[in-house]
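Letters A, B, C, D, E and F mark the chains in the order given here, with residues in each chain numbered from 1 onward.
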Amino acid sequence: MSVIADVVIAALLLLGAGFALIGSWGLVRLPSTMERLHGPTKATTLGLGALLLASVAYFQTRLGIWTAHELLISLFLFITAPISANMIAKVHLHRVRIGAISEPDSIAGPPPRPDGEGDWATFEAPRRDNPASTANS
Amino acid sequence: MSLEFLVASAIAVLVAGGIYLALRGRTFQVVLGLTLLSYAVNLFLFAIGRLIVDRPPLYAKGVVTHADPLPQALVLTAIVITFGMTALTVILSLRSFLESGSDQVDGDAEPVVREDAA
Amino acid sequence: MNRLLPHPALSAMLLIVWLLMANSITVGGIVLGGVFALVLPKFTQPFWPDRPRMRFGRAFLGYLGIVLLDIIVANFQVAWLILFRRNGDLRARWLVVPIDLTTPEAITMLAGTISLTPGTVSSDVSADGRYLLVHALDVDDAEAEIARIKTRYETRLQRVFA
Amino acid sequence: MIGIALHIAAGCIALALLLNGWRLWRGPALGDRIVALDTMVINAIALIVLIGMIGGNDTYFEAALLLAMVGFVSTIAYCKFILRGDIVE
Amino acid sequence: MTLVDHLPVAPIVLPAVMAPVTMLVMRRRRIVSVALSFGGGVAMLVAALALFAMVQDDAIRCYALGAWAAPFGIVLVVDRLAAAMLVLAAVLALVVLGHAVATGADRKGWHFHPMFHFQLLGLNGAFLTGDLFNLFVFFEVLLIASYGLMLHGQGALRLKAGVAYVVVNIVGSALFLIAMGLFYGLTATLNMADLAVRVAALGPADQGLLRVAGLLLVTVFALKAAVVPIHLWMPRTYAATMPVVAALFAIMTKVGVYAMIRTVPLILGARAGAAAWVPAPYLLPAAIAGAVLGFVGVLVARGMREQAAFAVLASTGTLLMAVATWREATLAAALYYLVQATLAGAALFLVADATMRRRGQYADAIVPSPRFAGQDATGLLYLIAAVAAVGLPPLAGFVGKLLILDASYDAPGWPAIWATILASTLIGVVGFSRSGSTLFWKAAPPGTDPVAAPARSRADLAAPLALLALLALLTVAGGWVTVQARAAARQVMAPDRYVAAVLGHGR
Amino acid sequence: MILLFLLLAPFVAVVALMATRDASRRLHVTIAAAASAGGLAALLSQAGAALSGRMPMVTIAWLPTLGLDLALWLDPLALLFAGLILGIGLLVVVYAHGYLKPGEPTARFLSFLMLFQGAMVGIALSRNVLLMLVFWEMTSLASFLLIGFWRDKAEARQGARMALTVTGGGGLALIAGMVLLGKAAGSYDLATILTRADAVQASPLYPAILILVLAGAFTKSAQFPFHFWLPHAMAAPTPVSAYLHSATMVKAGVFLLARLWPVLAGTEWWFGIVTVAGLATMLFGAGVALFRHDLKAILAYSTISQLGLMVMLLGFGTGAAVSAAVFHIVNHAAFKAALFMHAGIVDHETGTRDLRRLGGLAAIMPLTATLGVLAAAAMAGLPPLGGFISKEMMLEESAHTLLAGQALLVPMLATLAALLSAAYSLRYAVALHFGERRTGDVAAPHDPGVLLLAPPAMLAMLALGLGLLPMTLAGPLVAAASAAVTGGAAPDLHLALWHGINPALLMSAGAVAAAVLLLACYRPVAALAARVPAPDAKRLFDAAIARLVATLRRLSGALHVASLQRYLAVLFAVALTLGIEAAVRHGIAAGDRPTTSASPVAIVAWFALVAATVAVVAADRRRYLALIFISVIGLVMALAFIHLSAPDLALTQIAVEVVTILLMLLALHLLPGRPPRLSAPPRRLHDGAIAAAGGLGVGWLAWAMMTRPERPGISRFHWDNSYSGGGGTNVVNVTLVDFRAFDTLGEIIVLGIAGLAIYALLEPAARGVAGRRLREWRSNDRHSPERHPMMFVMATRLLLPLALLVGSYVFLRGHNQPGGGFIAALIFSIAILLQYLASGFDWTDQRRKFGEHALIGAGVLIAAATGLGSLVFGAPFLSSSFGYFHLPLIGEFELATAMLFDLGVACVVMGAVLMALAQLAQIAQRAAKAEAAEEPS
């Protein structure tokens, strides 16, 4: 039992740390900001998730403490990480649009315009009475 | 390399950076310098209790090795006070800039006419 | 009932979070957590006007399961891309995803899901709130990917936010 | 075994932190720096969890939780500053 | 414990309660708030006097906060010196408060009354505490309250000077923490009495660190006391401050001196090894330079507030000359001088205020102005205040200087002390007579703009008058005061009694 | 008691005069005259006692520790001097009544005069040398005020300042001399000192004492070369000149020499200095007086000369010379005061004091002329006036005085001085009253009223009487006073006009004859004298002071520039120097505590920290980047705290970091983006050197400390008592809220004050200059139009209750696990700030139910009240109490008063943080609103 648990824990640890490392490596090697943005999501989700699971299992098997609060960390990260990514993407879009020197386009090129009238929210304040503008209510 | 050396050298670097920035001529840099300086001082005060790894000062019967709780309490107090001071300094320097039109720390309050190259 | 417990789901969530934090299940803990679970939603009511109705039934659980599964799978895919794909061979794309969800909460949830599954990051919403701008790291067929997002996530979310 | 795995994991995270640091220092885009900082926070959380496991106590959990909760606040603030200048309006 | 036993904590609790109360009430009822503020000031004076009466039996009282005995908890220690400083602060505060209300200065900005009481809290805490870190905390309290007061009324000049003042003191606080950290690292204690015992027991390997700690600590106090050459921040800060606030600040530099008097004989006294009397060789030249520069500043100042600030600098220098010899007799003289210098400095600022308010656009600039209402009255007050500040008979300044001269005879470097005191006084006399005759005698040439100040009530003359009356009282009752000062100095110079009182006789 | 009355009467008059400031001149004069007359009467009532050796005395302890007592006595010398002061004072008061023009503030004038009189009486009566100093300096002060009485005249102000500078400065020297004298004699009691001549003269301090005392006396008595202030003091109203600058104050120096004669005189030093100074002054004054044309200038220089005479006599060191000096004091007071008043009358009536514009007054102002001639004759030393007798005595004494081994030197010079004195006196008498009629500005001047005439007339009569009936009028007094001066028995004094033909008579007669001759050929001599270079003392003095002030102002200005950079550089330099001094002297070696080896992770973290610090410094003007790097430092700090067993610190660090960054970003928004560099490379190098040295210093201190073994200290107690005594297992938290709760109280007060100060700073920022600048402010950057990104807003709405829950949890468990009120409050604040960030200021502000002021106030009050609560139970302030309670179903739980205290902490922290950020966030908007309100258009 304990050997199996040990193996599982070790595997989870290595998996988590590995993903965190890969995420950061992606941050370094991917070609432009938008691509690099994909890196951290790895570290956040599976990487940290695996580590947290390992922690839960570790404390359970080693110290006999049933701790589950590591899961809360994941909960918070699941709420916050997409927001961070979204905001950073907005920064990127904005900086590209105003032609900042140090801001190369994504290798995907400039973003297409949405099909309807108007533009993306970063470039045009959302009008009232649509979902994107509820914040102003 | 020992942990003690790392901490001491980190303090040295922070203090040096802090002093250098504090001696600059604009309020924002000075504030940054004070921030660095306060990091250094907090670390210094903390280090005064000697370094203990992974033995937090949470009381349990029979535990004998633990970090010295007192410097930690002192650092906590110092952090809070520093925060208050920093907040005041930031806002004061901003207000001073708004009032005089110059964010330089030196000289008298006469508005300085200068062209910002930025 | 409504006045006492305006947001049962939120209250339940808070209670669970509380118990997780406390790391133990005791009567005292439940009582204390219960108090917070009752008080906090009321207290924060003004900060969240028009809280949407959600169904936390099977639809929601199914959605969660699919998302978790996708996260794991996509993680490996992206890891592969990062490690072994040369930059020049990356087929990064912008995807414009039309959305049918109407509440901001739902759109946010969809966008969050897209971001959480590696390989896609939702970058922006259109000013009229009907399109989502998604950046994909390596996509062969943009249309297919858009369709996948819509069927896999959006339809399920529509059921949750009924 | 777990001990070795823990240390390998810590090493990985440390390496990851270094990589983040490099990107942070290098830029070139402001977005890159913010991503790097955000990732650093994530890796720091991972490191805290690992430190907790190595030390064998879970008193560090709050720090990790707090970092998860508020780390993103500064990220957002940095972004908002670029986007809007005024972060509270 | 009866209520009397709790008296030592009263000077801290009273303002701690009064400040938030005045703040909360001020938002609705100004009159009530001002009345409360005054009530708080009076209560504090009463408490201080009660403590002063209490220590007349020569016993040192120790109040263990939270019932944690020294050295483990924080203690307040009331000895003669602390009690006297409390009284001084309370008296000065009451006068300043009266002036602020009478002139409406408290309405020139936000939160005057709460800041004022917080300021007193910081001062009182610094006087009473027997714990090094707690001293730091109270220093911070009094500093941050002083920032608030210093910026009261605002204006570009004040804000600019405020930035420098705040930054310099923050750096000073950092130094304080480093010094305190060194002490803790060496002795693992924070209680000052305990520190004294443990410092004396340090081995030879630690002497270097001990000396650094001592020097840095004194440097911090010297910064607060505006000792040359780290006084540079002071003249401009005080000159840019509202005079009524600056009058209260007259005691702020003295807090630095107080801290030196408190800590040096106790912790860095004869038994402190390499740190024994560690500031002595540096303090005397610095004090001499301070007295000279201060009176030179009085001579060359272009405004009354600047002049008053330099007068404070000079008085600190004179005071420190006496302190720097670390002898009982000179210390007693210094204590007398401290009281008078505080009151005289404050009086100069208040007179400057009264004058400024009458001179309209000429404000406090030392230039001839057209005749203004109340010229004679303010001129007379200025004369008396200047006499007190410069140390001419018959006011207490002269007595103070005489005491210092008498007591410092035979001390190391006494000819230098004497020469400085006398020569700097002469410079001061020249300075004050020049500025006084320019301000109050000389009339602006015809054709200059008339003074546009509206006629004002004479209420703003009351406070300076009160201070001058106090100075006169200090002169007349000089015998009693010197006896008190002597007794206080004796207590300070006998640290064993302090240690015994704080740590109990068991040790 | 009478002595006390004597001393106090003038001061009482001062108070009375000030109180009746607006009353009539008559009342003022009455008050002053009554004080003088009353004093005089009191004095006379004691005269018998004083002369008969039953010396009236009074001693009231004042400063016993210093040896400064209010000790008064009335020995014959004091009697003589006090009599002069009060008598002439009375006459001057009467004279002033007539002299001052209508509308001039008599109350002020007379109160200054009375102040002076009191001080002079004090000098005379003091039996304590320190007490005498008090009065001594007071006379300088009173003289300053009186000379400057006509404040609109430049020469009055300058003369006043010069007099104060010289006499005040001399007084300071005198202070030193007196204290040293007291030290040498072992007492400040004059009676004691006078008996200790041997001890004093044997003391190595004797020369210093002598020089310092003489400096005081000579400046006061206008001895060469300190004489120059006296002629310029003549800018004072004439009563003042008559009183202070001829009869009394200037004699204080002479009095002092006489007073200290027994203890100081009789040595080579004394004789050499005093005699020569007196002789030189006598000659110089007389010489200058001869060639002046302003009446008061003539009198002023003559006064200098006469003072020199007295000083010289005291310098001789013989009893007879002392008698001569004492007698001359009386004579001089009589005739010189009369002459000044006379000059005043002439000035008053003719409008000028220029001798060249006056003449032949005897015909039109007979009474005035009579008394003028009489007094001038006394000054000339003509028989049968008192001046003649004292001059004879002087010549007699000088005749057998050797100076520098020369027997003839002193007599010849003395005769020359007598010659000159006679010459200027006769010139004054003759040129003014006889010859061609010149009446200045007025066509027909006439004798003044009795008020002006009576005082000088009485003095002139006295001068005459002193010659005719010297033994009756002055004999006993002079004898007794001389005895008091010499400290011996009363000398065998014989004052008479005729002593037979002796050398003195011959010298005197020769001198008068020569004087007449000199006057006969005055014009050529005057032309000759005009060629003698005469440095204008006033101009020199003023120029010297002006140069001094200019130089000092430049130096002081260069030192005290408004430069924070300098303040800090000096502060760092001082700290460094002192640190290095200690290190060099005693060495700071590292200790021998075993070090902990660092893990690779730690090294990486260290590297990140160092790199980030370097980056912050390098990015200095790219402020936004610098902030990002600061974030990294904060993160590493938090990790370090966790690694090094300080979870509470880590939590605090993380939370504070976020708030700080928000604050700085808010401020950064309003600051210029990338300002030009300010400092040149040398400056940066210099700063870099200071920084490097400082860093190394502090780093080494830390290293030295960390490598030393721990010492047993008070924290062991904290550890042991945390649970049993403080009711918590988190020792750090128990320390904060219990062992050292007082620190925490102070700390939250600091935060609270910071909040209030910030409010006070920002509340008015929307108005005035700052408000205008805010409104005009436009960012250079282009911004996205989107204010509230939808996803962000939604997420924060969900996060708010969650964050509040976490905060509550951290708060409740703080006592036992990492956490506590401070961290909880920061979490609460961040949760609310997040709403500001996401949904905007107005939106959030409307929904927030509590004000920051209330939070801060309530927090401090809660904390203080918690502390006070323990008083009810008879425990000291801030004593904590806790208990474990059991409730059915819920189980055991703990309640501690410390938690209530912690609640106070939380309130204040939250209030202060919200105050800082929310206020800062809204100023731009508020400025815009203020504009809208100001300009309705």
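Everything below uses one rule, namely that a residue touches a chain if its C-beta (ideal position, glycine included) is under 8 Å from a C-beta of that chain, and two chains touch if they have at least 3 such contacts.
Bear in mind that the values here come from a model prediction, so they are computed numbers and not experimental data.
Steps from subunit D to subunit E, taking the shortest chain of touch contacts, total 2. Among the pairs C-F and E-F, the greater number of C-beta contacts is found at E-F.
The chain closest to the protein's centre is E, with centres computed as averages of CA atoms. The chain with its Cα centre farthest from the Cα centre of subunit E is C. Work out the mean CA point of subunit C and of subunit E, and you get 62 Å between them. Averaging C-alpha coordinates per chain places the centre of subunit B 28 Å away from that of subunit E. The mean-CA centres of subunit C and subunit D are about 22 angstrom from one another, to the nearest whole unit. With centres taken as mean Cα positions, subunit B sits 31 Å from subunit A.
Shown for subunit F are the residues that touch two or more other chains, namely 562, 564, 566, 568, 572, 643, 647, 668, 698, 701, 705, 710, 713-715, 718, 739-740, 743, 747, 750, 753-754, 757, 761, 769, 781, 784, 786-787, 790-795, 798-799, 802, 806, 817-818, 839-840. Counting partners per residue, subunit C has 17, 21, 104, 107, 111-112, 122, 125, 129 as the residues that reach two or more other chains. In subunit E, the residues touching two or more other chains are 133, 137, 140, 144, 147, 151, 154, 156, 160-161, 163-164, 167, 171, 178, 181-182, 184-185, 190. Put simply, subunit F touches subunit D in their complex at residues 599-601, 604-605, 607-608, 611-612, 615, 624-625, 627-629, 631-632, 635, 638-639, 642-643, 647, 650-651, 654-655, 657-658, 661-662, 665-666, 668-669, 779, 781, 783-784, 786-787, 792, 799, 802-803, 806, 810, 817-819, 823, 827, 830, 833-834, 836-837, 840-841, 917-918, 921-922, 924-925. Of all residues in subunit C, only 10, 14, 17-18, 21-22, 26-28, 31-32, 36, 40-41, 43-44, 46-48, 104-105, 107-108, 111-112, 122, 125, 129 touch subunit F in the complex they form. For subunit C in complex with subunit A, the residues that touch the partner chain are 17, 20-21, 23, 49-50, 71-72, 75, 78-79, 82-83, 87, 90, 92-94, 96, 98, 101-104, 107, 111-116, 118-119, 121-131, 133, 135-137. Within the complex, the subunit F residues that touch subunit E are 61-68, 108, 130, 133-138, 140-141, 144-145, 148, 151-152, 154, 157, 160-161, 164-165, 168-169, 172-173, 175-176, 179-180, 182-183, 545, 549, 552-553, 555-557, 559-560, 562, 564, 566-568, 570-572, 574-575, 578-579, 581-583, 585-589, 591, 698, 701, 704-705, 708, 710-715, 717-718, 721, 738-743, 745-747, 749-750, 752-754, 756-757, 759-761, 763-764, 769, 853-854, 856-858, 860-861, 864, 867-868, 870-871, 874-880. Touching subunit F in their complex are the following residues of subunit B: 1-32, 35-36, 39-40, 42-44, 46-60, 66-70, 72-73, 75-77, 79-81, 83-88, 90-95, 97-99, 101, 103-108, 114, 116-118.
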